[in-house]
């Protein structure tokens, strides 16, 4: 027989490696985020386009399937070629979905920690501000990667495998464009969402702010161009900037309405830096008054 | 509403007339279905009154009723003879310091107190003088020109106190006034209360720090669940409870068993227990007066060597435990 | 899995302050603190603005030291801040929790961030929530907790990873009497396990007196005094406090005091029939009882001066006890 008394005891077991601790944050975030059926459905739908792309590539290389569907192969090859434009359209679509995903997941990332003074609890542990930001960003980086460059590259390699004979070597630029284009968008969006989440308390308002900033600046940028008769007004619009960047990455003809790629890169980098700065301003253990 | 009729048995200080008291007569306050206070009958004389009870027991409701911010659902209430249907008179008589901060944004400490006085109807010169007087009394002269938003918690408490006192009210209602004050400021504010009480004011203070309530209050009101559970001077209240809750005293001495045999001879002693370290006796008795007088005898007759004598349940804290206990709120 | 933490019990002081200087917003807040703190429970006292919270925050690495340094169990805060933080459990003064999380999730997260593997974190989270008394409420959102429960949740997250030292900043803030009692009892229990050192910062001298053995008093960013309460209490044996009662209105209490003075004893009457006196050589407690019996006065309480801390504190503030208005000797 024994009577057990519950008391406080020190922890003397092993600990997790320090470098990996920032990943605790995405793990916890996903526990919550994937509880929502709406989100799970949405996330599943994000794979629809890549799946369609997969089918198209398959059809390009499978005569019998085409015959079965009674589609003329030459028409298909002419109408829907697997080239840089094909992947560019894919990225466009997934890029738009990325914005939606960020609207879902973004606003609730930082505000719950700030609302009730939770930051000192994070930072009183062996956990730096950088790890915190990295951890929060990873929530979005991982999800967004899963719907942009990862399926994109898989499709690329699938095409390469089916096409054979050095197609990959000839079209390596497309893979590069997919990777760089996705990451540019992902990083920018994540920083944007986190900055908004850090400064705006309520989720609905944060969502409106995100959408608003995006679309309002789009229109505002064009208006600015019109009124002042310049080309650089649209540099404040994320839409114009990323469109220009993607076109240049994929080697496609730039449209006249869009700002040149060089300037767009600079604008994107500047915007990201601003968001990063805004984010760091809010992530403090304590404000110093005066 | 008519003035309340003479109330039954004034418990505290019967020599103080009704028009110098804060009187509750069977007052109930409901917020729709939710209970604020129920059938409260109180008669508070001047001096420092401690208001004690768990969160949600009705303290804030009680204070708001006295101040006139709430009208009772039932029952009659009068403050120094003024009934609640004459609010302007009431507001002049009463100063209120709330628990939570509610400062108009952008104001300095001086402006906060000054504007309040102007609202009361005092002229500019008068208001200025009274403002400085109040600010001096709470020791915030240097900080008076700074914005309240930049004040520390203790400073905000003190500026609220200044505002409550500035128009020289006769009744001060203070909700947790010592919250956030460091020990020195506490001592200063407590001596301020004593000064005011000595001047004939009613200082009604609500607090969770029971040993301070013990120290400073002339009388206490204990609330629980919207009901008044006890009121009066603490010693009087404790004496009244002796039947149900015998007084407990721990006597540390050299021969506890000798003392035990002597006390067991008494009818009023309910229990005597030797302390675990063998050097003390814990006695429970229904008549503390008799016990202590007996103790004098035992020391002299039997040469008992006393180290300490400690009542273990004679203070506000013990009364609180017995009457309210820990079931007020599951925290 | 990497190295185990908190295994070596380092002998020596808990905290060493070595000329620590900290400035915030251009203003010097801590001006060269030098002390060596040890003991199971150390109280941190001082008026508002003295630098107590700044000291805690500097030890936690929220602010950098502008001069000098400090060591926690031998780890220097300037160079080994991560190790320092892993040894500390911090309970902030203000409300602090993550919105939208249940008690158990909140404590789990905090434990994992301190390095506990996921399986251990969840076990210890449940354990610690039961230990502080939130067992039944642990599946509810922290935002729905009452004030007392939130304080306990803060304590739970500070304990979950089994730190070597606890920083408690005003732990009884806003608690009603039963909750205060529970919190103080919990703190004493934690102290008594001998597994963790407690640094308790509070405005309530009573709290510090009930839990702490040593006290560090800060004033204007400097150390006003650092002393051991046990020693102080032992030195106060000759100072007695009595509480008297006679028949109402008989005035015998005052007569008793007069009698005592006639015997040449230094004596002072404070509020409500309380007397303080210094028992001189040759006089015993028995003599007081003789006087009491003669006057038919009850000695309701007889005890050694219990508020040594208040005296220590006021002396440290260089303030006259009389000015404090308690009318004490």
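Observations on the structure shown:
As written, the chain order gives the labels A, B and C, with residue 1 at the start of each chain.
Everything that follows uses one rule, which is that a residue touches a chain if its C-beta (ideal position, glycine included) is under 8 Å from a C-beta of that chain, and two chains touch if they have at least 3 such contacts.
As the structure is a prediction and not an experimental result, all values here were calculated from the model.
Located most centrally within the structure is C, per distance between chain CA means and the overall CA mean.
Greatest Cα centroid separation from subunit A: this falls to B. Separating the centre of subunit A from that of subunit B, both taken as means of CA atoms, is a distance of 60 Å. With centres taken as mean Cα positions, subunit C sits 25 Å from subunit B.
Note on chain placement: the centre of subunit A and the centre of subunit C lie 50 Å apart, centres being C-alpha means.
Looking at subunit C, one finds that none of its residues touch two or more other chains.
Looking at subunit A, one finds that residues 289-290 touch two or more other chains.
Partner subunit B is touched in their complex by these residues of subunit C: 45-49, 146-149, 152, 174-180, 182, 203-206, 245, 271, 285-286, 289-290, 292-293, 296, 298-304, 310, 313-314, 317, 319, 324-326.
For subunit B in complex with subunit C, the residues that touch the partner chain are 52-55, 152-155, 179-188, 190-191, 194, 208-211, 215, 235, 288-289, 292-293, 295-297, 299-300, 303, 305-311, 314, 317, 320-321, 324-326, 328-331.
On the side of subunit A, the complex with subunit C involves touching residues 6-18, 21, 24, 28, 32, 108, 111-113, 115-118, 120-127, 285-286, 288-290. Per the touch definition, subunit C reaches subunit A in the complex via residues 1-7, 24-25, 27, 57, 60-63, 82-83, 85-86, 88, 90, 92, 94-101, 105, 109-110, 112-117, 120, 124, 127-128, 130-131, 143, 157, 159, 161-164, 189-190, 193, 195-196.
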